[in-house]
Amino acid sequence: MFFHTSRLQFESKPARPDAHYARKLQELIGGAWGEMTVTMQYLFQGWNCRMEGKYKDLIMDVATEEIGHVEMLSTMVARLLEGAPSETTAEMVDKDPVLAAVIGGMDPQQAIVSGGGATLSDSNGVPWNGRYIVASGNLMADFRVNVAAEAQGRLQTARLYNMTDDPGVRDMLKFNLARDTVHQNMWLAAIEELQEDGLEGPVVPSALFDEEHQQHAGSIWHLSDGAHGAEGRWANGTAPDGMHEFEYLMKPEALGEKGTAPKPDPLLYATSPENLGMIENAIKKLT
Amino acid sequence: MFFHTSRLQFESKPARPDAHYARKLQELIGGAWGEMTVTMQYLFQGWNCRMEGKYKDLIMDVATEEIGHVEMLSTMVARLLEGAPSETTAEMVDKDPVLAAVIGGMDPQQAIVSGGGATLSDSNGVPWNGRYIVASGNLMADFRVNVAAEAQGRLQTARLYNMTDDPGVRDMLKFNLARDTVHQNMWLAAIEELQEDGLEGPVVPSALFDEEHQQHAGSIWHLSDGAHGAEGRWANGTAPDGMHEFEYLMKPEALGEKGTAPKPDPLLYATSPENLGMIENAIKKLT
Amino acid sequence: MFFHTSRLQFESKPARPDAHYARKLQELIGGAWGEMTVTMQYLFQGWNCRMEGKYKDLIMDVATEEIGHVEMLSTMVARLLEGAPSETTAEMVDKDPVLAAVIGGMDPQQAIVSGGGATLSDSNGVPWNGRYIVASGNLMADFRVNVAAEAQGRLQTARLYNMTDDPGVRDMLKFNLARDTVHQNMWLAAIEELQEDGLEGPVVPSALFDEEHQQHAGSIWHLSDGAHGAEGRWANGTAPDGMHEFEYLMKPEALGEKGTAPKPDPLLYATSPENLGMIENAIKKLT
Amino acid sequence: MFFHTSRLQFESKPARPDAHYARKLQELIGGAWGEMTVTMQYLFQGWNCRMEGKYKDLIMDVATEEIGHVEMLSTMVARLLEGAPSETTAEMVDKDPVLAAVIGGMDPQQAIVSGGGATLSDSNGVPWNGRYIVASGNLMADFRVNVAAEAQGRLQTARLYNMTDDPGVRDMLKFNLARDTVHQNMWLAAIEELQEDGLEGPVVPSALFDEEHQQHAGSIWHLSDGAHGAEGRWANGTAPDGMHEFEYLMKPEALGEKGTAPKPDPLLYATSPENLGMIENAIKKLT
Amino acid sequence: MFFHTSRLQFESKPARPDAHYARKLQELIGGAWGEMTVTMQYLFQGWNCRMEGKYKDLIMDVATEEIGHVEMLSTMVARLLEGAPSETTAEMVDKDPVLAAVIGGMDPQQAIVSGGGATLSDSNGVPWNGRYIVASGNLMADFRVNVAAEAQGRLQTARLYNMTDDPGVRDMLKFNLARDTVHQNMWLAAIEELQEDGLEGPVVPSALFDEEHQQHAGSIWHLSDGAHGAEGRWANGTAPDGMHEFEYLMKPEALGEKGTAPKPDPLLYATSPENLGMIENAIKKLT
Amino acid sequence: MFFHTSRLQFESKPARPDAHYARKLQELIGGAWGEMTVTMQYLFQGWNCRMEGKYKDLIMDVATEEIGHVEMLSTMVARLLEGAPSETTAEMVDKDPVLAAVIGGMDPQQAIVSGGGATLSDSNGVPWNGRYIVASGNLMADFRVNVAAEAQGRLQTARLYNMTDDPGVRDMLKFNLARDTVHQNMWLAAIEELQEDGLEGPVVPSALFDEEHQQHAGSIWHLSDGAHGAEGRWANGTAPDGMHEFEYLMKPEALGEKGTAPKPDPLLYATSPENLGMIENAIKKLT
């Protein structure tokens, strides 16, 4: 169960409204790698965690924080939209190209649908959806996604930081950058700890290694003509899991036979020589 | 530009059809973490790569391989659907509960839409979409997603491996498991190499560390009442990036003021005391 | 079965084209609360209605009208796009900032995909979809959605009314506003009538009141620290259904125990202490 | 900012697992009218509220409660999936039709993707998305949606209640039914209070009544041949807003002229008599 | 503007309910190639048509008919769902495998959401959406899509015909098959007439033939190793448009140089040698 | 299995960057009728083809080419985005309306998400999805879709050709136009050949002609009041399939009875007279 305080996690107000930027910030709210994604991803990971203790408690700590990030960003969007042009006419636009550009670059739904507030969409207005998250029950697999999410999130925040010089907006983004830093570090530390605790190896899941085809578990197939693919550490030597050896196949060949689909079911009307008489019959019956 | 050989990357045929399993395999084709995702993610990362050489060449090698995985799986689905019941009646279902169950558990679109073939959807029939992939231009951020994708992919493959005992299907999955193993190892090795080459640090992007609010770049906020969140290595000491110190805030308080949205624009008709006279006026005008 | 007349329900032509506005009007066509939504919602409610007579006939009257609203709006979009710039060059844009702004703010698909016509999308180009509608079979539940839809629709129309001063566009919107007014009134009247006819109470469905946990059927839980939540009529006294008493819980406590997920299935590879030996075994087998 | 307690809002455990029912419960988590929808709808309404005080505080109270409902339901899904068949073979299915049926009716992603946990999808596996919510800034318009959401939610919960006889599941649903009851009553009370406070009338928004075409603001158009549409109170008399008069138009005629799209832009290649010479020219140029 | 009669276009009732089949029929309602698609595609094509007369009138005739097909199918779904199990328990399922299978194979939303009626989704429960349709303004391009839609629709109807032996359902499908036959023929005839009227050639649009690279306007590139691609009439001779010559390139080579993305913008943090000093600087600043 | 060469199929570089145009080009990458659609459509058709030989080999030739088209376009988008403004401020925008317009008209995700590269979305930023493709197994039905796809694709390319005068971009589009020309011709030729080979007739599928209701297999229903619908060759005479006769029904009447849904299941709480006593009982039980 949750509780809420009306105070924001961090204080910041924009120096002045900026309707274009309000659209861009939507990426951090409802984008595939935005705050809504980490909120819901961590909540579902916590609820799906099969091991009581430090990992689960950490997940729920961070998940709960992230709801507050969606709150901060939504509030910021509303503030950036203050006084955004809501009563404009084609005539005004003709006379004032900057006004024209502002109106052209706004997210129209922030005005028409939300009345000056944020939506649960990305910077192109595409709604956030539940397939952006994963909570597999396997902590290593999920923590790898979490590092990735915080990395993409910090990258996008850094890009957005350079797209404004409003000191209030930058102040909030400095906080967001810092949180993305610590969360990346935190999930990286948790990955190390999972391995030290013997709960997972670097390759996930640590199972079925004896079943997989081991002759194919270390080879990189050279299938594009770029000449430098073999120059990295992935081309030979022991792999990071300490259990496999890398190999770079310079001239790989397909191991399978020609790919074929089975004979069709006549009642599904796939085109095939077997069905050749079908039309003749159909015409015969009709005439 | 691409070339194709009709031979599959790996040979395997199911011992017998299995329409239920054909539905489940769709997860590996069109699921958020399926082969279509890694195919398109790696292709777009390669095309978006800003540095010629080993990294780009590796990405294109693997991307090209992955298209062939979608091919293998789609072929397998068609084979598993051979002879799936296409002509059934309610009467037959009444008499044969196993037949009833098979029909109930099939993906109906594999018959009605694809005529016994695979679709570009997941195991619930939801179509694959382009928001599942990311190609940010930042190799570290993207390789982290790649490790995660291969981890989730291997996890799902391992689960599916246990859901069949068909030797032909298992043979293909043994190959898939092996490829997911080497690809995880490979991206992990590439992450190490990126750091050794000085192209990125563990926290992405390696920029704006001097701008972010450093007092918030190491703290975990204890916002859920689980008692064990402070027991991991993320609670104190130096963070994995070697640049920040961890700290666990046991009693964090909101730093911001009350979150408020600005005064509304009257022409957007948000409810507010300022707009109180609106109804009176409306009625007056009308009467 | 349906019939069509080529005459529009209401006549209006824009005084002059306005490509920006053509984009905004898409919200009323394909937005979540646009005319397509009410069209399909009412049609499916009518077809799903289990009671012949006045309610069903009313639903079908209004549903049939709404198809004509999609027609009016689509025609208006085509007219607003007349002469929209289809042959522009970067050079022209450099010289004419208003042209640049117009092009920047247009819906590119109205030109590239529809050749100067409307699409079945909202003002951000997101396609309309069938989850926007509901036809539950319960008329009270559905009429409540219908009132809501007409309210959101009239609100958006009113906002769009202020965003143009084109007399022709405004003339059409004056008609739309009027229809949204009468449709709101109509569904409100139908809700009253449903209650008078004894078909439903204000709370839907009027069932299982004796099964629900009655001690929790009147209380508002104070879970956010705002101080004024108890000042409304929802904080005590008899509820609108005349059957329940309101109560405001100032210090609510969670009634449940700690939320836990059950022990994991080992073959699903969730992380758990039970699976601790997994890696050791895997390595053993391999080495 | 938010806080979390690990205790669930209400305690209930299923008497025994039920994989079919775990799929159905997804509707209450990630369905268009499920708990995720009310959670996010109320949060965004609160953040977008332009009037401090009782309404905003109430919204945030309830929004915060709803996050806990997603938690309760997700936990219940995990418990219902305990021991769901994860290791099955076609052979086993052949022998055990009930097992076959259970597997056929399960949500495959609850196993393959979530490892025995809930997903953020509905009962057909379609992911929840952000277009399901609205936060318009106009409280009356939004409270009407809120009543509708709680009504559809209670209706679905009541249907699901009849689809199980597990006492633990029913215990939770009795709590959910009660909460949906009080929330419906609460939003109905808030709607009354909005009107008493003079903040909005029954028809939303209470604006532009003097602008709308008043001759069309009271008439129902008889466009379907059902004979009973005029028998309700919507056919004549004063409308619920007290400001308009109802009228039922028995033989309505279209008011507009023939709907036409304007002359096409030649460079968009719409088919039209004006472009007739296009092919001739193309062939001439080529030959 | 539209009118509606309560009478269905064609009469048919199922001999008995069949909940499985009710799910499958959803494909013809809300599938990508279902009746909703042709309804909306034809309506938008009609509204977007730039040439008054026979083509536009035909489009509107057929569009109006198609709305009635959605009506017929939705009514049939409701009838097939009559008496579908709504009150079942795990215990009942254990005892009755056929009941178990029926429940497992049903579309759960037809019960939980629609209360025994159709939804606006396909047979996997994925909602219909507006990107399924196209109305480009170019009649030839659109009529080609229309033929394709009627072909896919008739194919799916034929498959569904074989999946039931209910005489009432088959009666309706016989009507649907016939309508798909005539509509295919009709669009094929309209395509011929467009060419005879000189409005378009077989290749669409009949423009820019003098601009396109003519040396590439007739060649098929042999990029897959299948040996028989050159055996068809597409390999040489005059093409169907009478304006181009076919050619089969047995050993095609890429014409372009190596694909490269331009130098990255440093503030977007793409990985590149130019940004090598970034980390060093970041660390320096911090320490 | 696939191979890749780093060389693009065709060489072209833009004369100068153009961020607006980079957004528009997304339509050809990830639009419903873009290169991604034909790539995946042809690949799945090839894999689902039930007849070895010329048709399958042709499909795979073209499918493999199309992957390279996505590559060409993605590379072009990256080049068009070179130097797109990534560091802008509200102040700069105020001073430079052209800059303002450029920023307003850009796809924000091309910068924030992809760091100056293409996304897998259309020109409105909506992600490509797997429902855009079809691979039915019936070659005639699918080739009809293929002609349509190439026609819509060439139409959109032609429109985009007129929206730029950059010689490098136009050079690429001239190649694309040519490929769309030959591919249209090719599929048209393949359709003729399918008929000549007796594998399908013009109406698809060539089956169940004896089952369909023949009296409805030739008639066009006049349901819209346009007066010219009977003037085309579809109004009488032999249909293109040579098997049916056209007929234009000037005054068609509905053949069915009133459409009705069956009596509701009481436990689904549909509104109906049968459930009238429900509320009374509920109140009685409660009081």
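The first chain written gets the first letter, and so on, giving A, B, C, D, E and F; residue counts start at 1 in each chain.
FYI, a residue touches a chain if its C-beta (ideal position, glycine included) is under 8 Å from a C-beta of that chain, and two chains touch if they have at least 3 such contacts.
Remember, it's a predicted structure, so these values are computed and weren't measured experimentally.
The chains that touch both chain E and chain F are A, B, C, D. Common neighbours of chain B and chain D (chains touching each): A, C, E, F.
Two copies of one chain, chain B and chain E, form a contact in which under half of the residue numbers belong to both partners. The distance from the centre of chain D to the centre of chain F, each centre being the mean of the chain's C-alpha atoms, comes to 28 Å.
If each chain is reduced to the centroid of its CA atoms, chain A and chain F end up 26 Å from each other.
In terms of their C-alpha centroids, the spacing between chain A and chain B amounts to 7 Å. Residues of chain F in contact with two or more other chains: 1-9, 32-33, 47-48, 52, 55, 60, 63-65, 68, 71, 75, 78, 86-87, 97-98, 100-101, 104-105, 111, 113, 115-117, 121, 124-127, 129, 131, 134, 136-138, 140, 155, 158-159, 162, 205, 207-209, 214, 223-224, 226, 254, 256, 259-264, 267-270.
Arrangement of the chains shown, judged by which pairs touch: all-to-all, with no pair of chains left without contact. Listing the residues of chain E that touch chain F in their complex gives 5-12, 32-33, 46, 52-58, 60-65, 68, 71-72, 75, 78-79, 81-84, 86-87, 111, 115-117, 126, 129, 131-132, 134, 136, 138, 140-141, 144-145, 147-148, 151-152, 154-155, 158, 161, 170, 174-175, 177-179, 181-182, 184-186, 188-190, 192-193, 202-205, 207-209, 211-224, 226-234, 239-241, 244, 246, 254-265, 267-270.
Interface residues of chain B, counted against chain F in their complex, comprise 1-9, 30, 36, 40, 43-44, 47-48, 60, 63-65, 67-68, 70-71, 74-75, 78, 113-121, 127-131, 133-138. Residue ranges on chain B touching chain D, taken from their complex, read 16, 18, 20-21, 23-24, 27, 31-33, 97-98, 100-102, 104-106, 122-126, 155-156, 159-160, 162-166, 223-226, 254, 256, 259-264, 268-273, 275-276, 278-280, 282-283, 285-287. On chain C, the positions that touch chain B within their shared complex are 155, 158-159, 162, 267-269. Put simply, chain D touches chain B in their complex at residues 1-6, 47-52, 55, 86-91, 93-94, 97-98, 100-101, 103-105, 107-109, 111-113, 115, 121, 124-127, 136-140, 194, 198-201, 205-210, 214, 243.
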